[in-house]
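Take a look at the structure set out below.
Labels run A, B, C, D, E and F following the written order; every chain starts at residue 1.
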Amino acid sequence: MKPIDYEDSTPEVRALYDDLIKVRNNPWIHNFWRTIAHHPATLSRIWEAVKSVVIAPSAIDPLTKEMIFIAVSVQNNCRYGLASAHTFAKAKGMTDAQYGELLDLIALANETNRLAIGYEVELDRVFVEALGH
Amino acid sequence: MKPIDYEDSTPEVRALYDDLIKVRNNPWIHNFWRTIAHHPATLSRIWEAVKSVVIAPSAIDPLTKEMIFIAVSVQNNCRYGLASAHTFAKAKGMTDAQYGELLDLIALANETNRLAIGYEVELDRVFVEALGH
Amino acid sequence: MKPIDYEDSTPEVRALYDDLIKVRNNPWIHNFWRTIAHHPATLSRIWEAVKSVVIAPSAIDPLTKEMIFIAVSVQNNCRYGLASAHTFAKAKGMTDAQYGELLDLIALANETNRLAIGYEVELDRVFVEALGH
Amino acid sequence: MKPIDYEDSTPEVRALYDDLIKVRNNPWIHNFWRTIAHHPATLSRIWEAVKSVVIAPSAIDPLTKEMIFIAVSVQNNCRYGLASAHTFAKAKGMTDAQYGELLDLIALANETNRLAIGYEVELDRVFVEALGH
Amino acid sequence: MKPIDYEDSTPEVRALYDDLIKVRNNPWIHNFWRTIAHHPATLSRIWEAVKSVVIAPSAIDPLTKEMIFIAVSVQNNCRYGLASAHTFAKAKGMTDAQYGELLDLIALANETNRLAIGYEVELDRVFVEALGH
Amino acid sequence: MKPIDYEDSTPEVRALYDDLIKVRNNPWIHNFWRTIAHHPATLSRIWEAVKSVVIAPSAIDPLTKEMIFIAVSVQNNCRYGLASAHTFAKAKGMTDAQYGELLDLIALANETNRLAIGYEVELDRVFVEALGH
């Protein structure tokens, strides 16, 4: 769907746009936000989630968070998610070497996952004990 | 398939088991390795890959690597991959709070990915420029 | 692959095209049908399936059926499936508000699914009883 | 992970449990909630999302919503999500015939999706026009 | 759901069971058929599809067909599909070495796929020309 | 990412390009290799894997191997993987009829997988016995 521009937005959406601009300290509102604005309840819900899960200080550092988004986006084959998280990760200092290693890891994890599934590998007792299942 | 025990292994497989024990400094050979040993070429190939991608020092720290494995395993719904990476991440210092945050991030990334796919959000020009596509 | 036009079709395919036109009461044969026509057995099989599963009157109403197709297409990241089901759903009366809610639901279901997988949530006894497993 | 029982919960979690019990008018707190309670921020966020997306009156009827959850859960191969949505759908009146039709639709949508992907079917102009892309 | 036994089946289902027994020349009706029998239209439709796509002589040999089913089942993480196709492949002569190679290929294809997605590799002109897109 | 041309490559990458050209007896280096060359360790690792898993003589014939790659690529919705494996399969003799049958099989396997998952079909004892789990 076409993104909704700031000047075309309803007051409800515009208030959310204003908060986005303020919290991110960036006048550019990405297409993701301007497109999900077609359903204001989604825009409001996801923006609140991103503020608390991604933007707020936490026990996982900001660059690692972007790497997790990259990994999930590659798994879901989501081009938009990949491009946005890749851009944000670079802005947070990810080097090309790190990106290369990240894709290498993602690729290898898919390989070991498929082998574990195909061979129906049984859980080791040490895992069950470590995780307290 | 049933894992192949050390004492039942062929010389080719045993040599790989010995290297696994030595490099990981751990006499326990997890079921994953003992099961893919049914096809020694796979055991050899994947073990070499894990040594170079996961074990060797690199630009991504060891705990973050396990978190990437957790993210991919949750996406592939691979119980074995999840249990092993979760166990290894804990051994490398991941706290329960970090695991909670990690799952929260994975969950949220799936949500934003599905919205980007469902709304067919167009790539922002700033992403295209940042990534030099 | 390139779609096969009506005038270029073999008699076997043309008979199926004629049935498509008649049953759907629409002279336009979508690219999906004209492309899978490269393997006439597929065209025949899938067309019979669509007639009995989607077109025939049933216990699930026609709009809900399109919503299910949308949900599956978003999960499979199938652009064609999404565009066709979205178009058909609109033709059957789906409002923009309903589409917004549908994507919101799909997004949230992915989030709860990933949390259930990541936390390996145990089935509640009440579910086992209700489903008579 | 093991679910956290009401009597073992922290005040923060207990307040959310109380709201769950009250809003759903059901003293049983399913394992999903009691397990994600290990990360109270997740419990709070997801519970707010479920209240607004699933429980609040909306333009999609409650039974259809559960069917969407079933479809997504089958796609993600999430046993917990499937069992819970199946149970709730039955409680909201879904008949066995409807469940059979629902799985038939999901199965068929996967088939047509994979054909559209494998044949790389081009989008019809009528879809592009209908959706205003 | 619980499989429906022959003696408990309706005449409609029993006629399909009889055809299954006759065509496969095997008195054992697998759980898959006896479970989807809860929705007789699904049983009928899928059985017709299996007869024409899997059982009928064709340009792909029977063992390769089972290998394709194994590959798809590993991708979908479908335990039942994997166990049934693995069993049928063995009955059609697949050796343990072939199974090992098959899983190795599946694993590697996942790795190259994820790299192609993560690096957004552009299609080579030679592919576009060869496929006549 | 942009592919790295032969003349712009580092000595490390160039040595791998030379080996690719020699082993495949083809001066054209596909974009896949020239793009993953951004991380030379990935290029080296994957090229070694392809040599041993795909190119080396083995118990699965070369055309069947490409069909497996096609099946996995369709499942992962990987356009590059699909186009390359499709092209290579044609070069190895795959007919249009075989491609049509292959997609038909992939589509049907997805359908039976989703039904097995949705109905939670129990494993037959005959499978468990045949596979010696």
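Quick note on the criterion: contacts are C-beta pairs under 8 Å (C-beta built on N, C-alpha and C of every residue); 3 or more make two chains touch, one makes a residue touch a chain.
Quick caveat, the model's predicted, so the values are computed rather than measured.
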item: D-F, E-F or B-D - pair sharing over half of the A-E contact pairs; value: D-F
item: Remotest chain, chain F as reference, centres from CA atoms; value: D
item: Centroid distance [mean C-alpha coordinates] between chain C and chain B, Å; value: 34
item: Chain A and chain D, separation of their C-alpha mean positions in angstrom; value: 21
item: Centroid spacing, where centroids are CA-atom means, of chain A and chain C in whole angstrom; value: 28
item: Where chain D touches two or more other chains at once, by residue number; value: 1, 38, 41-42, 45-46, 49, 53, 75-79, 97, 101, 103-104, 106-108, 110-115, 117, 119-120, 131, 133
item: Parts of chain D lying in touch with chain E, wherever the complex brings them together; value: 77, 96-97, 99-101, 103-104, 107, 120
item: Touching residues (chain side chain D, partner chain B) in the complex; value: 38-39, 41-42, 45-46, 76-78, 133
item: Partner chain C, residues of chain B touching it in the complex; value: 70, 74-75, 77, 79, 82, 103, 106-108, 110-115, 117-120
item: Residue ranges of chain D in contact with chain A within the complex; value: 1-2, 41, 45, 48-49, 52-53, 131-133
item: Of all residues in chain B, those that touch chain A in their complex; value: 1, 3, 28, 30-32, 35-36, 38, 42, 46, 49-50, 53-54, 58-60, 64-65, 67-69, 71-73, 75-76, 78-81, 83-87, 90-91, 95, 97-98, 101-102, 104-106, 108-117, 119-124, 126-128, 130-131
